[in-house]
Structure formats: structure tokens, C-alpha cells
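Paired with subunit B in one complex and with subunit C in the other, subunit A is shared by the two complexes that follow.
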Partner chain A sequence: MSKIAFVQKNKIPPSPAPISEVGVIGWLKQNLFSSWFNTLLTLLSIYFIFIILKDFIPWAWGGHWDTKSLRECLDLNPDVACFSVLTARWKQLLFGLYPAEEYWRPTVTFILLIFSIIPILFPKYFRFFWFSIIYPGLAIWLLWGGSIWSVGIVYIGFFLGVLLFILLLRNITKNMVITGISSILFVILFFIFFSNYLVKNLDIIIPISLPPVESLKMGGFTLSLIVGITGIVASFPIGILLALGRQSNLPIIKMICVGFIEFIRGVPLITLLFVASVLLNYFLPPGTNFDIVLRVIIMVTLFSAAYMAEVIRGGLAGLPLGQHEASSSLGLTYWQSQRLVIMPQALKISIPGIVNTFIGLFKDTTLVSIISLRDPVGLASTIRADQTWNGIYWELYVAIGLMFFVVCFGMSQYSQYLERKLKTDK
Partner chain B sequence: MEKTKINITDEVAIHISEMNKWYGNFHVLRDINLEVMRGERIVVCGPSGSGKSTLIRCINRLEEHQKGRIIVDGTELTTDLKNIDKIRSEVGMVFQHFNLFPHLTTLENCTLAPIWVRETPSKEAQEIAMEMLEKVKIPEQAHKYPGQLSGGQQQRVAIARSLCMKPRIMLFDEVTSALDPEMIKEVLDTMIQLAEDGMTMICVTHEMGFARQVSDRVIFMDDGQIVEQNEPESFFNKPQSDRTKLFLSQILGH
Partner chain C sequence: MKASAPPKSESFKLSMLLSDTRYRGTSLQVITFIIFVAVFFWLVDNTIKNLALLGKDVSFNFLFLRAGYDINQRLIPYTSDSTHGRAAFVGILNTLLVALVGCLFATILGLFVGILRLSKNWLVAKLMSIYIEGFRNVPVLLWIVMIFALLTEFTPAPKAFKGADPQATMLLFDSIAITNRGTYFPAPIFGEGSFWLLLSFILSVIIVIFIRKNANKQKKETGKSFPTFWISVLIIILPTLGFYFLLGKPISLEYPYLKGFNFKDGIHLRNSFLALTLALALYTSAFIAEIVRAGILAISKGQSEAAASLGLRPNKIMNLIILPQALRIIVPPLISNYLNLTKNSSLAIAVGYMDVRGTLGGITLNQTGRELESMLLLMGFYLCVSLLISSVINYYNRSFQIVVR
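Up next, the complex of A and B:
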């Protein structure tokens, strides 16, 4: 019989782990060579990476940058890349058919874009949100040109609306619905009756304008960014509202949201783009000239809003019911609890899905080449149709791919940063 | 163990009459009549599924009742959203699973409702929050997130969060049931302290020691009905109904 009773009298102090388990050697052993099968996989992978790079590096590294045509490249050395097509046409890839003497405008627009995005991405460190608010108007004016007042009037209208809203709320009534509706009514009336008159007069008093550039001239990566970024910014709030609507207790709102989401998700984006470019003209009153880029943006936005709604609904479903109950029991109203308690958590859960949708949307902008807008992919066909560059494939598509990769990789990295930053359970 | 009854006033805090509730066809609450005085401490117990949680969740309208009346602090609960919001901001509730907001720090959890519902200036709200966190004895955790706290600490934060709204009535829904045994005491101590301060409390709990020590009245529910209610001394020593006797023998028997 063994003795059952036992008392530990010495405390064992912690000691360092064996050398083979920590540091570089430990890491290699654990991750690459942990069994004979993993070792085999590691070696195979290294071999594959090697054979791909063995051909790619000399091809890219030795590439020609300053020949006049593809013919010339092939005569020099047919085995290396002919990047000269980029040297010759990079401006077109970036700006499409935008007038060459106005290239500074899209350039400035995109430099300013960075400044307008920074305070939204890093709100803790940069606090010039006002710029993010005026940027959209500024960008539209810079890109499309015309009088600054035709854009400025929109800001003036909304500013007056907000001003009226605050004044009514402070002095007349506390009722949000009444003040809200009357301010919106005021803004609508303002745009119908006063805006034309105001724009004309302001134009005479302070004439600031740029030569107008029409939408069909927009192209290249500029167009991708215009459609992609506007789509991303607009589809996000619409997606949130759709997701909330789908969860609503009000049957009609719920039905509309479900119907919209299911319809849009069930139709290919290309179909929607065709509707935007061709069919919409049949439904609109004759003579209305509804900007093609705007039509595309609306379709792309609706398309990704439907996806966004489902992603966010996933996040909402992931929240315990107790969160709703706790915020209700504290007396928060529906909208307060959505904004302060539910959405911050639901959106955090959905970050990977949201960014996935954003990236998808951004890459889907290349589909506009099918309705003959000149995005980079559309331009690639145009360039290849040119005698000088006929027959070139790799170099163009590698460059276009790289442009999209940089933006999408950036988004992906930011989403990972955000997930780390918002982690509160450790 | 001597408890004071001086707190109970003859002002009615909650008045429930002929209240009925159904989940679909299932009759959860049947003809509930209950009058709670200001300052009174009530413990509701009963087997699971007896409707005790549903009862207190009806008081702040987390559940809707279909028949009868509930009047809280002189305001009747109807479909009128204004009344509901008013009652909710004056009735605090603590849940079994804490339901703290995980994306906010302890302090932010406590200041959220005062700032948005009461429109308290944020500095003042923070002062109130610190005061309440001190009351539940965890001011040092103010800047941590709920996920970094133990269960007992989280539950105390949840109590502090409710107290920050300066409620006149507190509802406790099995607040110790999800806790490890060694943490139950710290939460109960906080509740005892609240009771001594004269808060009107309705606690759904299985902690019979707490019921004996603190409550003015124990209510036993079964099958959606109030089966028996009495002062704790008589309730535990001389239960009248067979169902009460069976229940007590089951939970006190081991």
C-alpha cells in the first residue's frame, strides 16, 4: 500500500527553457522542421519560390525602360521585360484622357485626399476633421472644374440648414422631429429657389473657376479612385442603415431592406452597370443628362451597401442580447444605444468583413471598362490596340496590378492595425 | 444580524395589480399583485422557469405585460415611449451576466448613461462615477476594460454603473449565479451595503443567507404565480405552502 497523504515542502523556482526551444533555432524547429513531413513541405516551398524568382528577377531587373516600341524591345533582348510602355504611357494610366495641361488638378486632389483621410484613420493623433468635411466638395470642383460656387452653394445650403436646426432647437422647440423636418424643408426650398440666383451673383462678385472637364475624360487610376473611394464612403452608412432596417421590428421597413439587399446581391454587378449606362436613359425623362460617372458610382455604392449590410448584420448577430438590455435598462434611447453601445461593437466584430467588401468594391471598379469607361484595365486594351505596343501583356497588367495591390494592401494593413487597437479583452 | 426596518416608508414605489404575461400561448405570469414600499428590500425566489426574472424584467419594460397594470414611481407603464424611458432612467438593473459594455472602460461604462440620458456634464459624471466605484470598492480599476476584470469585479462595476443614474429602485436579476464561489461574497457585501443605505431593492436570488440577513420580505414564485410571501424569519421557519416547503427543502437541504 502506498501512502496517500503528501505535503510539498519545497517551492520549485522557475528556470529558463532549454536553448533548443527558444530563439531562432527554437522558432525554426517549431515552425519549419517540426516533423519529417513539415520539413519536406518547407523544402518544397523554398524550391518553388526559387524557380519562380529565378525567371522573374532577371526578366524584371533587366527590363527596358526607354525604347520607342515593343519591336525595338524585342530586337534588343526578347527575354526581358519591356517597361518602356509604362514610360510612354504612365500619364494615361494615371489620368486617362484628362487634358494634359490640367494634370495638376487630379494630382493635387489626391495629395489632398491623403490629408482628408488621415484624421479619419487616426482620429487620436490628427484632429483636422473640418478638412475631411470640405474635401469632397473641393475634390469635385478640382476634378470637374467649373465655378467654385456651384459646389460651394451645396455647402452653404447645408450650413444654413444646420444653423436653422440648432437655432430652432435652442429657442423654439425641443422636438427633434419638428426641427429636423423644417430644416430639411428649408434646405430643399433653398436649393430650388435661391441657389441658381445666388450662384450667378456670387460668380459675378467673386469669380473663381477652373476650365470644366467632362466625365468621359476621367480615366485611369484617377477614375478607379473616384469611383472606389466615393463608393466606399457612401456604402458604409447605407450598409449600416440597411443592417439595422433588416433587424427592425417594423415589418414594412424590414421588408424593404430585405427586398433591397436580396435583389442587389442576386444580380451581377455588370448587369447593374449596364443598367446604369444604357437602360437608365429609357426611364429618365428625355433630355436629362445624368452624369455617367455619377450613375456608375450610385450602382457600385448600392451594390456594396447590400454586401456591407449583410456583413454588419453578422456583427450585430454576434452581440449578446444582454448588451441591448443593459443599454435599455439604463434609459438610452434606440438610436443612442445603437450609436454608443451596439454599433461600436458590431462594427469591431465585422472589421475583416467590412474591409473585405471595401477591397472587393475597389477592385470591382475595373468592371467599368465594360461600359467603355477608361479605367486602367480599359486603357490597357486601348494601349494594346496601338501599333507601337501591340502584343504587350505582362508589363501593363503587372503595373496595373501593382497599383491596385498597393491600395488594397494598405487597406488590409489598416484593418489589422484597427483590430489590434480596438482589442480590449487583454 | 440585527437589521433595521426604519427605512420602509408608507410611500408606494411599485404597484402591480392583476398583471398577466404570455410568451405566445405560454402563460408566464398569472395575476400578479404586488405592492413595494419605498425603502423596502424584497427577495424573490423560486424554481427556474417560475417567472421570477420575467416579473422584474416587466418592471422596467424589458418585457411587455399584456394584462393588468404596473405603476412605477407614480408613472404607469404603457406603450408610451416617454414613460418607458423615464421609468428606465429611474430604475436600475443588474444582470446575471453583468452585461458591461466591453468596448468602454469601467469609468466610461459608468458615465455613458448619465452623460447621454441625464445630460450631466462629463466632468461631473466622472466625479459621480468615481464616487460610485469607491462605494463598490474598485476605484483603482476605473481605467481598465471589463475584459480585464474578474467576474466579481465586473458585477460590482455593473452595480456602480446602475447607481450612477441615481436610481430610486434597483432590480437584481440573479446577480451572483454566474460567479465563482469566492466572488459571491464581495458582490453580496456590496448589495448589503446598498440595502443598509435604504435603497428600494427587488432581488431575484438563490442566496438564502442574503435573504435572511437583508430582506424585509421574501416572495416565493412557482408556475408564474406568487405562491407565498412573508417576512424572512417566518418564511424560512414556518413555510405554509407545500410547494414552498418542497423548494426550501431542496435548496437548503444539502
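Up next, the complex of A and C:
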């Protein structure tokens, strides 16, 4: 024991890391200046940011907000932005040609929209789902106006149909096919024979109506949202059905689905929109003429349904075959196994693709400007054609771009949140 | 123990068509088929009635009639006296031109951005994310009109280049002029003997390919690698340069120059073409960047660690281990993005570029009033392109996918 000359009895406290390796300096060194090449990249990026901000910040910061025309802006200071065009025309960019005294209607519709998607986005609030079901009808009534009963009757019809279905199933027969068919028949008969009569009478008893607004008056961001959201909601179930049809082992159904998907995916959306605006009248019985916005919505829906089908098919293909086999060996029927086993997993895998399709659809709503509907991009050219604002570009485009960016970026962020939340492995 | 008697075969009932799985598939298909055929005939019947009401017939003869309109950008000779069919063909070529150039730029840019986004440099990675998110989340139509506005409004008019002290100057030793009427590039002029020059160039490329193949073969047999890079560079450059001077500089550049109020000579790229191509390339490059990033990230870290522990150097790891596997993931979505770019090129109408939608589906349609036929042909063209591209994807998938069993 005595041979040991020195024993350290107490612990030496750890000395702090060198100042160049921790804190701000350490972070800078690790992330920005770790090698000569990295340093070069950093300097280049800083220079790049500098030349962009050098022009952009004074331009945007000193912008005029309250001049009467572009001329006035240029007289004051030609080097800064002229946001007055937004001050003067923001209502048009948001609502299009919607009658000014009725602006509260689209506004209320969008506020309610937020409430109606919360139960879908966040399962915590799922008990408010009834509002999401009521909302579409409410939105249609608010936006297009007219009597509330012409929309309400659809709900009444389906409600009665569901009621009949449940009653039959409880009291008369357990056969799903017979009850289903008879309820559907009842709903159809209801709409053909009773609905008109009922609407007229209800109108007399409880008259609630808004002044009607025709579709061509709608425009701006309202139009984008109408087309985009209706398309998103409608294309999702159609996409699932198409994907299942494409995977199915019934050759005729498979062929129809494949043909439809490949055709729609093969042509640009703009040709389909042209079909909607020019050719659709050829395909329908002579004399039919239905709403242009509705036609556009149908085309956009079909278009994104085909893309959706491919995305979901990718998810289905990503599932191991054992899942199908296991669920059928448990005795589940085709639809049960799809609903309980296959789809939840397949949809989870394909969330990024699905949301990408949604984002693509929302961006594609700008194409309606080419068939001369007044979405924001179309309105931008209308505003620029005006004498007062002739020659303005960036202020409008930046504002429109920002509106789309916020919505699309929000969607992609939500999809990442959803992916994290649904992650069951690891 | 008594063997149970085989179950008595039930007699066929009509309700079994829907409830029995043996028949349900068939009966469902028959019903679907009947509905499908009925809808189809309904549509055709309506079309025939409508056409009869309008006094029209279906005929493609208009393709052989005089078009009577001008197309400002054409790759093949075309005048207003040419036929509608030729106008459509000019449009098709214009579409393909935009698609080709756009895909090329989008790939290069996308590769670049995608790799830089994975950079360890925080600032660069963030910048690239901003680039990607910015382009992906704003409609491509908006990008097209924005870039078009940038090119037409913020560039000098040709007359600004005039005089002893001009307001604007040409770039790169007076060779490129960016004006609000388009951009002018020097054009190559193929003089006498350029054929031989090209021939020697092609020959040297063939020799290089041959050498590389041999080197690869040698490497596989002996394991020794044979440095080919500098040799191939020398083989390609030296003879070509030698011939270039020996033949008396057969290929020269024709520079654009200002004459009157406009530039003459050189290659003139119109703003409509530039804006469309640039916007599509930038927009698609953001998608390609994400594909490239995903492809590289999908290769598990173990692969590069295993390669490193085998003693491979970093660039060999990239070339021999990571890239071949990443490419398998990258290529199919990459090609489908090319397809998207081609389809998006139909937005040319926003800037007045005469692509196939502008000629066949635009002016021809309006002039002849043959909406049905024009739209059919137009859709047929796009369908052909997309079927072609998807068959390329399928071929790629078949030949490069990992064979499991």
C-alpha cells in the first residue's frame, strides 16, 4: 500500500468544455464552418440572402398602402411597393364579384368551415362531428342563397332513408341487401314525388331564405376554396373506391377502373376543364345547361380522384399479403376486412401522398382562370386591366402567392403531424 | 363412427345471385357492365342528337384545310398557308421542346437542391428548404405569369442597348442580350468540314465507351481498377481540338447584334418560351429535390457503414453502394414528374406560347368550330405521351427492381 506514491482521493470536477466547442460558437463551428468547403457555402448563402433582402426589405417595408392609383404611388416613390392595390381591391380578391352587401355570407361560411373541420382533424373533438355533416348544406345555402328548404330537403330525404333502414333492420328483416335496396328506393321516390311539394309547403310555413347569388358572381379566394374543398371532400371516397376496383379480381370492374384512372391521369387538367366548359353540352341531353362552377367541381373531383386512387393503390400494395390472408382467415367479409384491417393501414402509409394530392388539387384550382372564371389569378389580370392599376405586378402576385402558400403549407404541416401521431412502430 | 354424409347440394335460388359469394362477383360484374354500356350509349346518343341539332358532323377533314394563322415560334417550316394538321404538328413539337428543356433543367436543379438540402451546413439546408417549400406550395400558373412579368417588365428594351453609352449591356463578352422581347444567344454556324469534326468527336466518344467497358470487365475479373477518367477526357478533347484547328475552325458562332430597334441573328428565345420553361423547371425541380432527398435518405445508414468498414473511400461508397440503390427509388417518381411537367406545359396559354393546346386546341378549334374532334386529338396526343412514359417506368421497374424470389 505504501508503494503507491500518490492516490487521488477526491474526484476532480469536470472542467468545462472549451469555449469553441459549446454554446453559440460551438454551434456555429459545427454547423456553418466545419470545413473550408462548408465555410465557402455559408459565405455564399449569406451573400445570396443579403442581395435578396437588400432590395426586398426597403421595397416591402416602405410600401404605400393608401394611395388612390398606381400613378400616385409612382409619383411619391417609384422604388417601393404599392400595396394600395390590395387596400383598394382586397375584397375583390377574396370574394370576386359577390354582391358587396352580402359579403358576410362567405365570411360566415369560412368561419364555420374552420369549426366543421376541427372534429375531422383532431379526434379529441369528434363528438362535434354532427356539425361537419350539416356544414356542406349550410355552406351551399349561405353561398348560393335561395330558400333554406331546397337544401334542407336533401338532408330530410336522407334522414328519412336512414331512419327507414334502421327501422326495417330492427323490426322486419335482418337482411342488409333487402333493407338497403328498399331504403334507397324510398329515398329516390321521395325525391321524385314528394320533395317539390314539401319544399313549397315548408317555404310557406317557415320562410327562411337569402337573396340568391349566381355562380358567375363568385370568384377570388372564395372560388378557390369552394372548388378546392369540395374537390378534396368528394375525391377521397371516389379515390378509395377506384383503388379498390383496380385491385379487385373482377375483370370488368378492374378494366373500367384502370381505363378511367389511366385516361384521367394521362391528360392535363386544363383539357378536362375545357371539356367541362365547351364539350359537356354535347354529352348531355339537348337543352341541359348546368352550373359552370358545378361542372368545374365535377371535373376537378374526377381528376384528383384518379390521382388519389393511384396513391391509395400504392398504400395497398405496400401492405404485406399476409394482412389480407389473416383477415379472411378470421372470417371477415371483403368489406369488413377492408374497413377494419386493410384500409386503416393502407391509408396510414399513404398519408403523405394523399395530402400531396390535396395540395395539388388546391393549387390546380387556379387553372379555372383559363376558362375565364374569376379565381385570384384571373382577378389579377382583371385588376391589372383597370386603368388605375395598369402596370402593377408584384404586389398582387406576392399577395396571391402568399394566400396559397399559407393554405398549402398548413396542409403539409398537418400531414406531418398526423404521420407522427399515427406512427405505431418504433 | 359414421362418416357424415356429404352436404346436400342446395337448389339454386335467385337471391343467391347477390348473397352467395360464388355468384356475387359475376352478377355484380354483369350489372356494372350493363350500367356502363347504358351510360356510354346514352352519352353517344346525346352527342349525336346535339350534333344533329347544331347541323354538325364528325369529320377530321379540317386537318387538311388552310390554317390561316401564324405561329411565332416554329421548329419546322410553317406559314399561314399551311394546313391545320401542320399547325398541330408545330404545336406538338413546341410542347415537346418545352418538355425536353424543362425536364433537363429541372433534373439538374432538383439534383443540386436535393443534395444540398441534406448538407450538414445549417444555413444551406434551411435555404434549400425555403426554396422547396416556396415552389411547391404556390400554384405553377402563378409562377409562370410571375416569371413572364419579370422577363417582360424588368428587362431593358432593345433600344436601351443603343448608342455610345448604353443603359444596358450584353452579357458574357457581348454574346447574350436579355431584352423585353426575348433573349438572344449566339448561334453556331456549321461551315465546311464540320461534318468531319463531328465524326471525329463521335468516334472518340465511342472509343471512350469501349475503353470504359474494357476497364470494367478487367476490374470484375482481376479486381484491379484501371483509371479511366483522365484518359477519357484526353481522348475526347485532344482529337476534336486538333481537327478543329486542322480543318480551319469549321464551326463558328454567330453573335446577335443590334440593328434598328431590334436584335438580328443569333438564336432568339422568346419570353413566352423562356418564362414557361423556366417556371416549369423551377417548379418541378422542387419536387425532384424532394424525391432525390427521399431516395438518398431511404438507404439505411448501415449500408454506408458496412461499405466504410470494407475499406471503401467516401466517393466510392457514393458511386458503388448508395447511388445504385437510391436510383432504384428515385427514377420511377422522377419520370412521373417529367410527365407532370409535360402536362403542365399546357398552361402555355397563360403566356401566349403556341404549344399543341394553343394551336390545335386553341386557334384551330375556334376557327373551325370542331370542338369535339380537336379535343379528341388533343387528349389523344397527351394520352400517347403519358402511356409512353408510363411504359418506360414499367420497363424500368421490371428490369431494375430487386428480385425477391
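Throughout what follows, the second predicted complex is superposed on the first by the 390 of 426 C-alpha atoms of A that agree within 3 Å, B and C clash if a C-alpha of one lies under 4 Å from a C-alpha of the other, contacts with A are read in each partner's own complex, and residues count from 1 in each chain.
Following the convention adopted for this analysis, a contact is a pair of C-beta atoms (placed from the backbone, for glycine too) under 8 Å apart; a residue touches a chain by one contact, two chains touch by 3 or more.
This structure is a prediction, so every number in the text was calculated from the model and none was measured.
Engineer: Check whether A:65 is in contact with subunit B, with subunit C, with both or with neither, and answer first, second, both or neither.
Structural biologist: Neither subunit B nor subunit C is touched by A:65.
Engineer: Classify the contacts of A:250 with the two partner chains as first (subunit B alone), second (subunit C alone), both, or neither.
Structural biologist: Touch partner of A:250: subunit C, not subunit B.
Engineer: Quick check for you: in the superposed arrangement, does A:130 touch first (subunit B), second (subunit C), both or neither?
Structural biologist: neither
Engineer: Considering only the touch criterion stated at the top, classify A:326 as touching first (subunit B), second (subunit C), both, or neither.
Structural biologist: The answer is first: A:326 touches subunit B but not subunit C.
Engineer: Please name the chain, subunit B or subunit C, that touches the greater number of residues in subunit A.
Structural biologist: C
Engineer: Taking the touch rule as given, give the residues of subunit A at its contact with subunit C in the complex, in rising order.
Structural biologist: Its residues touching subunit C are 31-32, 34, 38, 41-42, 45-46, 48-49, 177, 249-253, 256, 262-263, 265-271, 274-275, 278-279, 281-286, 359, 363-367, 369-370, 377, 380, 393-394, 397, 400-401, 404-405, 408-409, 412.
Engineer: Using the touch definition from the top, list the residues of subunit A that touch subunit B in their complex.
Structural biologist: 320, 322-323, 325-333, 336, 340-341, 344-345, 348, 422, 424-426
Engineer: Could you pull out which subunit C residues touch subunit A in their complex?
Structural biologist: For subunit C paired with subunit A, touching residues are 18-19, 25, 28-29, 32-33, 36, 43, 46-47, 49-51, 53, 119-124, 127, 133-134, 136-142, 145-146, 149, 153, 343-344, 346-347, 349-350, 357, 361, 371-372, 375, 378-379, 382-383, 385-387, 390.
Engineer: Which positions of subunit B touch subunit A when the two form their complex?
Structural biologist: For subunit B paired with subunit A, touching residues are 60, 62, 85, 88-89, 91-93, 95, 97-103, 112-113, 116-117, 145-148, 158, 161-162, 165.
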